[in-house]
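Let me begin by presenting the structure, written as structure tokens, before commenting on it.
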Amino acid sequence: MTQVVQEQKKSSETNEDARIGVYVCHCGLNIAGTVNCPEVAEFAAALPNVVLAKDHRYMCSDQGQELLKHDIRENKLTRVVVASCSPRLHEPTFRQACEEAGLNKYLFEMANIREHCSWVHLYEKEEATEKAKDLVRMAVAKAALLQPERENEVQIIRKALVIGGGVAGIQVALDLADTGYKVYLVEREPSIGGRMAQLDKTFPTMDCSICILAPKMSDVGRHPNIELLTNSEVQEVKGYIGNFKVKVLKKPRYVTDDCSACGDCAPACPITAPNEFDSGLATRHAIYTPFAQAVPSTYIIDRSLCLNKENIIVCDKCIKACERKTIDFDMKAEALELDVGTIIVATGADVYDPTSLVNYGYTKFPNVITSLEFERLINAGGPSAGHLLRPFDLRIPKSVAFVQCVGSRSERGRLYCSNVCCMNTIKDALLIKEHWPETEIYVYYVDIRAYGKGFEDLYKRARKEDVHFIRGLPSEIWEDRKTHHLWLTGENTLLKEVYKTNVEMVILSVGLEPRVDSEAVQRLLTLSKTPDGFFMEAHPKLRPVDAPTGGIFLAGCAESPKDIKDSVTQASAAAARASILMAKGKVTVEAITSELIPDACTGCQMCVKVCPFNAISFIKESKKVDLVEAACSGCGTCSAECPFNAINMRHFTDDQIFAQIDAATEVDADKKIVAFCCNWCAYAGADFAGVSRMQYPTNVRIIRTMCSGRVAPKFVERAFARGAASVLVAGCHFGDCHYINANYQTQKRIERLWKKMEKLGLNKERLQLSWINASEGEKLASKIKEMQSIVANVNLEEIEASKRMLEKA
Amino acid sequence: MEGEMVHPYERFLRRGMIPHIWCEGCGNGIILNCFAQALDELNVDLDKIVVVSGIGCIGRISGYTNTDSFHTTHGRPIAFATGVKLANPELKVVVISGDGDLFAIGGNHFIHAARRNIDIQVICANNFIYGMTGGQYGPTTPLDAWTTMTPYGNIENAFNLVHLAAACGAVYVARWTALHVRRLTESIKKALQKEGFSFIEVVSQCPEIFGRYNKMETSLKMIQWFKQASLVQHSLDPAKAEITPDKIVVGEFVDIEKPSYGRLLREMTTKAKEK
Amino acid sequence: MVLMPARTWRKPLDADKIKPPKGEVHIIMNRCKGCGYCIEFCPRNVLDTSEELNERGVHPPKVIDENRCTICGFCAVICPDFAVFTTEKHCKEGC
Amino acid sequence: MLTTTEKSKLALSGQHFMNGDIACAEGAIAAGCRFFAGYPITPATEIAERMARRMPEIGGICIQMEDEIASMAAVIGASYAGAKAMTATSGPGFSLMQENIGLAIMTETPCVIVNIMRGGPSTGQPTMPGQQDVMQARWGTHGDYEIIALAPSSVQEMFDLTVEAFNLSETYRVPVFVLADEIVGHMWERVTIPETESIHVANRKKPTAPQREDYAPFQPDRDLVPPMAIFGQGYRFHATGLTHDEHGHPKTDSSEAQTQLVQRLCNKIRKNREKIIRVENVMLEDAEVAVVAYGIAARAALSAVRKARASGVKAGLIRLVTLWPFPDDQIAKVVDHVKAFVVPEMNCGQMVREVERAAKGTPVAFLSKLGEEPHRPSEILDAIGGVLRK
């Protein structure tokens, strides 16, 4: 460990009381493998206000933190900069260290030289090192201007909302309720139970799915702490961690709770339709209960099928059939308002619909079924009373073929592995063998993934029972017109030979995919998605069940395809995470809010118009605005909008950001891209690019703001005035904005700037605007690449011109 | 589809009286139909039920029900029914009559029978007009409506019948349109099983007269109006149960328990006998 | 959770066992006054106006698709003239 | 079922001192009346009040309706439900009742209407006597018809004739009027109420038809009176104020039906007039002057006739007990030996026209009296003298 201590050289532009310590982290070889850390430390030491600069193997390690604390005490450091990974990962760690050493945590700043540097410039060591220096220079510049802040505490309502009543939702609800918290479990369907209720047996233990689920379901129904809201949908979520206001629409069942589920009504109902629960293989009536063990057991009327429209009762068969007089066609939907402290998203997944894979002939050939249809067929409580009947002639097939990865791991479906299909097929194959040992079973696969506890044994058993596993999916399936048997052809990639097999039934082992309406849920809760479309966790390793938004957690297949065991595990984890918050009863929220400077305010009310949280209002008497900091979420768009610098954005002040810009453009400005990235999407996207080692040019300097709405035109102008070749402003997609709609202001401002640049005769191309979400690292990388041509094309005259024109601004 | 088959409600209809005299699409036929269905479903002893009606189109209904029945003078069915019910409490006495009969000429009898809580069921076919006399305005004719007596539009305010009935102390008050046949039947059943004075208003279409005068020339147009305008609001304050061109509030507004006049009379009589 | 794609294409295995009741519509031609309520409000569009005139000179309803009738019986209760009613068809072959 | 003590309350057999209204009420009860509906009006109110006390004792019903229209309607309803029913009123109320009296006539409803006559027209003199409603009783409601009206002239008769009124109405299915005047109504006298057994009570004819299908509610027997079924017996019949056939089905467009029905309604009274009519003749056999009187006037007439005889004048009295149908024959019978008739009435001349019609040219002297004071015997005596002097 080299150490460079430099005698503090006073200079005019330095901040008197700023005594900054800089620590450059090697992160093993993650950084040091590319960036010359000692050199960076040396460079840092020479920066204004820096009283000491060190490099260290692992700053996040205990020694690292101890070192930091020690120095703060010994050298009376008043500011600390750590150059290592993303603040989104370790800022909390170092902030805590500072606090422990008696330094206000807002006097800490981070330079992201891993995700934004070493990992994305693996092969350009010098440039990466230079960039690292710049990043540190920027951090130090900002650090010098940091102010201590006081965080205020918010109470946490000790109630939780669980969205989705599948096995994950059920587990979360029970765990939280047992812990003693009030839980609202919102389920869109008439009954809880979800996918698991549809399954026959579970792998690898082969126990009956509903048998183990039903008791949990009824526990939910009975639990004094759980308010079960089935046939209900979340319509609006407002508020913030610990204090969510949730609007739930409880749709009418048209059957009152007095229903004893005697079932007299259903046979009386003249309208029938395929039962969704049985994958359409069994019939239900317009008045029905989805399945025997449904919770609540109360029947429900499907008004879309029922003959009775509007308020005219045309058919009263069910009314007549119901002895307890529980049918009420006048039931109205209820709009409920819930106050909860935490929200757990357990909305589950959809099953891939293979119809589009025409070569497999699903919906064309009756005897080609999906694995979910199979579950209902083999289930004793199912439409065929457990007899595996092929749909065409209701005969028990003598031979069946399973086709794996249907809709998974393929350009023609979903790119990812759906995780459960292999084991599910093995389980199904064994079930068939158990009932009809003579059946010939072929499994066409790409890889068999039997990674879990007890999985391999099950796989072995299947092989022992001589289930034929053939590597290589069929290229086509077609039907024999006479027998309605099916032909499969493809290549056995192990034997390198073409197969042509004839079986009596084919089971397509379909994958899982995000809910069709996951978009809606995402908007509702301002969640992020990973490229596969499932909801993104706050950190893939360290915060796997937290959503990026405080107070919201993920459980089950909503986060990614997983089997029952994993869903339950994750559910309990989510419950634990939520409990921690609620047990504390309060949480401190970042002091990053805006503050009004009344003397500067002219009462123009520009800020009032742009504040997404109505935190600012105009006071007639004073002819000035009033800013309620408690209501402020800290996007900073007001500050960006204010023409009179009357609103100061804490921890992201104009001066601090100007300082970062100046630092970023101190050397070779004309080769550089200054990028403003919002904390939640674009900056996270850049992190994601780093984690995924997506390479892109080194000439970009990213400045983090909480929201792209914080980016004031003057920042962009300053960058150009400082001679930057190009500027990128990047934020969340519309609708994803963590501050409701602040990014619409970004759009407006950039458009204004483009107009201005045109007026001034500047090439507006040099200013780029891009919407990049947390999972779009690829998009960010390619954006930077694409901008290279812009950088290349700006000549010095142009840069000088813009300097001249924009300096005054 | 062979026509010879006997209509299931034939047994509730007086032999030789059907087809009735009412016009095509008239709501009265539907009310008769619902009444028959209610008797069928409750399986009432037809020998123990008396249907009393007044004057007007619907007044003929007592002639069509296969029960003891009486077609009284204009406005007097409730007073007559009071006599019947008191003289023989075993009998179920149902008054079915029109808005003019029950609330104009007969208004006095209605309010007092309701006040006394006489144990009878009153079903009012409200067609907003005097149909049989050719379309004069009545106590329920909406403001501005055209009738032969209001050639410049009606300037009288209409009664809100359910509000009136509730205010007078009826123990059961409901309003349906002639399109809400199932609910009407249910209400009739409820009323028949209830002790005390119950009132059911049936907003009923008179296409021939009211409809033609007021831009609803066909029975279908009138009943479509019911479909579009009707709004079910159970237990709403009957004062708010309005009937306007675009809103007909229907539902059950009152359903309370209160000793009937008959019960109190019997109690008083026993006391008197002991003396 | 949406349990299956909204589009259901498969014929339920028990489709032959659980059959909606089949109705038989009876029209008493000469009672009909032609209001058309039964035709208008039949939830299954079983009825339509016939071309022929009855004794009263109106067009009574005619059955256009009896198989759709579920015997909800609304035609019977909405008919002001007791001219139409339904009964359950007792299934012989082919229904 | 009534207990013996309750039975004993039915007819208060024995000697009583009561007024005409009370006697009327007791007569009704003795005749089997179990339903009274009325509306307060002087001078008939005491009847209602008596009923209010007595009916509950004997398991009958007494209700005060919202007006006389309702009272009359309720009475008809009660009668169809099988009860013997009555209402009592005076002029103004009697006018209101005319509508449903017509209904009672048309639907052949047995019922009794008591009118304690007071001074009219309109509100007139509520506490003063009158005999001004006798023609209204005959022609008060619209259309053609025959009714029966009785005129008691003593408190005892208030009892007796009320019983009689019920018997007639039950027998002929027709509303029967008891036309008393304020004096008879309010006068206190001794009344003898006979033993229950010895009070003759007639009841309406019951249908003989074995079952509903054979029963036609308005199919008359030979006496032109149809047997009467009552509600709840299973006959499920229909009655209407419209012109109807023997089944009670409306017949609004057949003149034949109209003729048949209205003729019969009249004839069932006309053809039975002998059985119905009652007059009291005093010293009439050789009378040269016959005083024809009813109600309170008949009392003065009787003493006038006695006084005349005492002074040797051959005077006699025809007291009309039945006003309607009018006893033409009883008048006609005496014209051969009677030189003149004297008719005292507390009106401006109503029954006198009937007497003139029946007298076939024999001179008729009319004595009118209005207001508080009834005729004095001397006035009638002078009149007798007057007609003889001519």
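To keep things simple, chains are lettered A, B, C and D as they appear, and every chain counts its residues starting from 1.
Simple rule for what comes next: a contact is a pair of C-beta atoms (placed from the backbone, for glycine too) under 8 Å apart; a residue touches a chain by one contact, two chains touch by 3 or more.
Predicted model only: the values in this text are computed from it and were never measured.
Compared with subunit C, the chain whose C-alpha mean position is the greatest distance off is D. Here the spacing of subunit A and subunit B, counted between their Cα centres, is 63 Å. Put simply, the C-alpha centre of subunit B and that of subunit D have 38 angstrom between them. Computed centre separation for the pair subunit A/subunit C is 52 angstrom, with centres defined by C-alpha atoms.
With centres taken as mean Cα positions, subunit C sits 30 Å from subunit B. Multi-chain contact residues of subunit B (touching two or more other chains) are listed as 179, 182. Within subunit C, contacts with two or more other chains are made by residues 41, 74.
In subunit D, there is no position where the chain touches two or more neighbouring chains simultaneously. Of all possible chain pairs, those that touch are A-B, A-C, B-C, B-D. Across the interface of their complex, subunit C is touched by residues 164-166, 187-189, 194-195, 198, 270-283, 290, 307, 309, 312, 314-317, 347-348, 350-351, 353, 363, 366, 372-373, 383-384, 389, 391, 394, 515-517 of subunit A. Contacts from subunit B toward subunit C in the complex involve residues 1-3, 5, 7-10, 13, 18-20, 22-30, 32-34, 37, 179, 181-182, 185, 219-220, 223.
Across the interface of their complex, subunit B is touched by residues 3, 6, 34-35, 37, 56-57, 59, 61, 63, 65-67, 69-71, 73-83, 85, 99-100, 102-103, 107, 230-242, 249-250 of subunit D.
Subunit B meets subunit D in the complex at residues 14, 16-17, 46-48, 50, 52, 60, 62-63, 66-73, 76, 79-88, 90-91, 108-109, 112, 265, 268-269, 271-273, 275. Contact residues on subunit A toward subunit B in their complex (touch as defined above): 310-314, 316, 319, 330.
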